[in-house]
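The letters A, B and C name the chains in turn, as written, and every chain counts its residues from 1.
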Amino acid sequence: MSKLSTGNFFEDFSLGQRLVHGTPRTVTDGDASLYTALTGSRFPVSSATPVARALGLRDRPLDELLAFHIAFGKTVNDISFNALANLGYADVRFLQPVYAGDTLQSESEVIGLKQNSSGKNGNVYVRSTSYNQSGEAVLTWARWVMVHKRSPESPAPEPHIPELPSHVAPEQLPIPAGLDASAYDTAWTGSKHLWEDYQPGERIDHINGMTVDESDHTLATRLYQNNARLHFEELMMKPSRFGRRLMYGGHVISLCRALSFNGLANSLGIAAINGGSHCNPSFAGNTFYTWSEIVERWEIPGRGDLGALRVRTLGVKDMETQQLADAKIDKDGRQVYHPNLVLDLDYTLLMPRRGPGNP
Amino acid sequence: MSKLSTGNFFEDFSLGQRLVHGTPRTVTDGDASLYTALTGSRFPVSSATPVARALGLRDRPLDELLAFHIAFGKTVNDISFNALANLGYADVRFLQPVYAGDTLQSESEVIGLKQNSSGKNGNVYVRSTSYNQSGEAVLTWARWVMVHKRSPESPAPEPHIPELPSHVAPEQLPIPAGLDASAYDTAWTGSKHLWEDYQPGERIDHINGMTVDESDHTLATRLYQNNARLHFEELMMKPSRFGRRLMYGGHVISLCRALSFNGLANSLGIAAINGGSHCNPSFAGNTFYTWSEIVERWEIPGRGDLGALRVRTLGVKDMETQQLADAKIDKDGRQVYHPNLVLDLDYTLLMPRRGPGNP
Amino acid sequence: MSKLSTGNFFEDFSLGQRLVHGTPRTVTDGDASLYTALTGSRFPVSSATPVARALGLRDRPLDELLAFHIAFGKTVNDISFNALANLGYADVRFLQPVYAGDTLQSESEVIGLKQNSSGKNGNVYVRSTSYNQSGEAVLTWARWVMVHKRSPESPAPEPHIPELPSHVAPEQLPIPAGLDASAYDTAWTGSKHLWEDYQPGERIDHINGMTVDESDHTLATRLYQNNARLHFEELMMKPSRFGRRLMYGGHVISLCRALSFNGLANSLGIAAINGGSHCNPSFAGNTFYTWSEIVERWEIPGRGDLGALRVRTLGVKDMETQQLADAKIDKDGRQVYHPNLVLDLDYTLLMPRRGPGNP
């Protein structure tokens, strides 16, 4: 019996199947420091304990994306070790803050299967959830990936494509217990812009950029305990069509989020990711820039202290965002992503509202 | 109204103006570990809790320069985002140890302004102070930077150049409450050299060197949440006169300080920085070496357990220090820094004295 | 009197000599996070506190190799600063778990000396032990290094070669107090393979590889406060026979151990290292792969919950392990290590046994 784990192939998945993923992980202040060093993030809620406490939280939470990457990393071995492509995310909800000392453990359920016409691979849809040491769900997300078949002869399963929401509805946005933004102080960021100041249709070019080197993305991806080989093995990747190690797309999300500070500084955190595409591959040596478009501005029922902004953030490599009017260009009559576009992320932020404390 | 912060230009500053800087930051053991990984520092007081406790402190403090870089990083967005040059530091005093769990928040006051003769920029002098979560000042420093004007037509302000001390006087050196070096044990470093052993005029070539790669200095500078673009954006820097990303000068100070362990191992910490120049730019790929000159040896009034050493530490790139008799060379009759000289730092160390415990 | 520490030369050592090494070090969660980021390790006992507690430990211990590298790093300045070669390790025993908050301090005794026939250098054998803040020994190891003489004229000492065991006997393997593997849950790794499943003579090719960049190995080696110059100074190493900075061999051990997760996932930790060779030098840019051979399977007297596996793990650079039938090749009638072989490590793992909890 081989001692090796070689991941699951398309035939190994069945509708309704449940997978408990390995490597539970205690997260700590050490992870938070590394995340700051890897991204340069400056959002105050996860930077300073007194800020988090002034807003009713018991401590500064880990950046939601750090928690997401760690939770996600656990699923790679069982779900996407043999994936050709990460096709999409939907209905990502940050159910509870994750604090230093918490232990994350992830599970998945197969919610959809569809063999592709080539007969060589198929799409697997999973709903994954990460739990803390008390068994409380802290994060949940759907994703779908294209996975190799072990053998093209294997019979195709009954196709089933799950219904997934286009976005998390405002009334379903998770808001951390105890969070009260009434005492929010714009001096924490130096930016005066709150929920009321953002208009649907508005575009913000975030100016600042970030060049990533090999050690940056591999340190990040190892920190997340993501074991997908194509991020780590230059020897294996050299003869591939990429010619080199590929950056973990999740880390590109983190970089773009950190760069969006200049323009979205007062966001309290990400409540949900509605969907996202890694439009083109990213590599060490790329300099990343980002712009955001305000998609919708939602009141949160019963909350005068904060509202929600649905935002689309676009990540670009090796060119300034001002040169791009749109994420897509015309190519032979089809709209395709500009070749320098690396990320198209649709997500929802919580943002303080004006009030007695923030006139 | 633009959502972007583009920093202050020369016209935006006024004498006596006060600025509260964003992104309060809780510092942790994670930052301390990263600082060790980034610098290789081996000074025992910040390396080991039992050492710090044996000397009367409640815990091992963070390296003073780590605290400084984090405190300093907060001021960049408001003070030096549009700076052409960091002209100097003076009167840097480390007022209190910073411990894991403390939260730093920085403020500045404009203490001087002088437009330059070109009319295109001017020098801004600030006194910055960083406070902990109890509102106690833990660090204070003056610095001056040359900042672009938004428009050459803007009128020049009344020039005012503040008086700054050439050095922090021995009687003004901050000494941490409770610190008592009587129990200092030279086995903590393996070096036998204490305060009495250093002679003004003495030169120490510290032998060890350190090559820095891109990820090293960018990880450090992101950890410090310093958002000056020229450290991070290869795309922007390529066509600049530097041709590539510039290292944050503060990190060069940290490297030289860590390298000075071999020769100044028993220093208890930096009490003050009297002044400093980044003489030439530093880049990834450089190998740094350092030498020190003992400038003055001061008794501390009322203290038999420790004394002060005023030290000048010189940082050199890509050559061994023994090849340089002096920091400056003659160039057309003027004394200028050798092109490989990157740092000229004048600072004051606390050092244990001989006594019953250290005969 | 020079202020510099230039390490000990062969003449400076004498049989029975005791050395107390500098820089005591408090280890923290920050070190553990960095170690994860540097190696990608996924072994659950040091990844998650609830796992460690379910097995009877008071907290998740630091990875044994992280503790080893920190403990070892302290000895470099006194033992191997002037070494030409690290010749071997023996009888490395991990006596107690090391937890975040512990402070490590190392001492050595010279247990052997033998001048080499050239008269220019000699072999020094030391027994080193690292203690925690309570004075308990947590790690002990023997190693021998070839050290330069200060002068070829110095007389040779009486030769003495210590007897060192070929391996740590099963009855001498340290087992952490309180450790009880009865509640081990294979869901923590997703691997079903326990002690009974491994057969002496079995070979496991661990598939996954890891490319190392300059910042990776230098960050690691600085974290370990190892100050051997050849890991850090590109300027010094460029004209050397290596042509560049050399990786610290201990970090190669860590990488191979982390890569061995795929195949040895349920190992509870390393109890002992029986011996090891760094067969060829390793450099940034290398991609590392590894295979393991099960050497012996030992019952532990009185323990039904866990057993020991003596394992030989081979590290290879820049080629897949499947291409190598053996670590050694024939060269002019002699058996020598294959030039891509970088590590030959003989060590002993603790592994859960089947039982009521793990049928």
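Criterion: contacts are C-beta pairs under 8 Å (C-beta built on N, C-alpha and C of every residue); 3 or more make two chains touch, one makes a residue touch a chain.
Note that the coordinates shown come from a computational prediction; the quantities given were computed from them, not determined experimentally.
Taken chain by chain, the contacts link every pair, so each chain touches all the others.
Residues touching across the subunit A-subunit B interface largely differ between the two copies, under half of the numbers being common to both. If you average the CA atoms of subunit A and of subunit B, the two centres end up 37 Å from each other.
Residue positions of subunit A touching 2 or more other chains: 28-31, 33-34, 213-215, 219. Only residues 1, 3-6, 20-26, 28-31, 33-34, 77-78, 100-101, 103, 105, 133, 213-215, 218-223, 225, 227, 229, 232-236, 245 of subunit B touch subunit A when the two sit together in their complex.
For subunit B in complex with subunit C, the touching residues are 28-34, 36-40, 42, 44, 47-51, 60, 187-191, 193, 197-198, 204-211, 213-216, 219, 262-265, 285, 287, 318-320.
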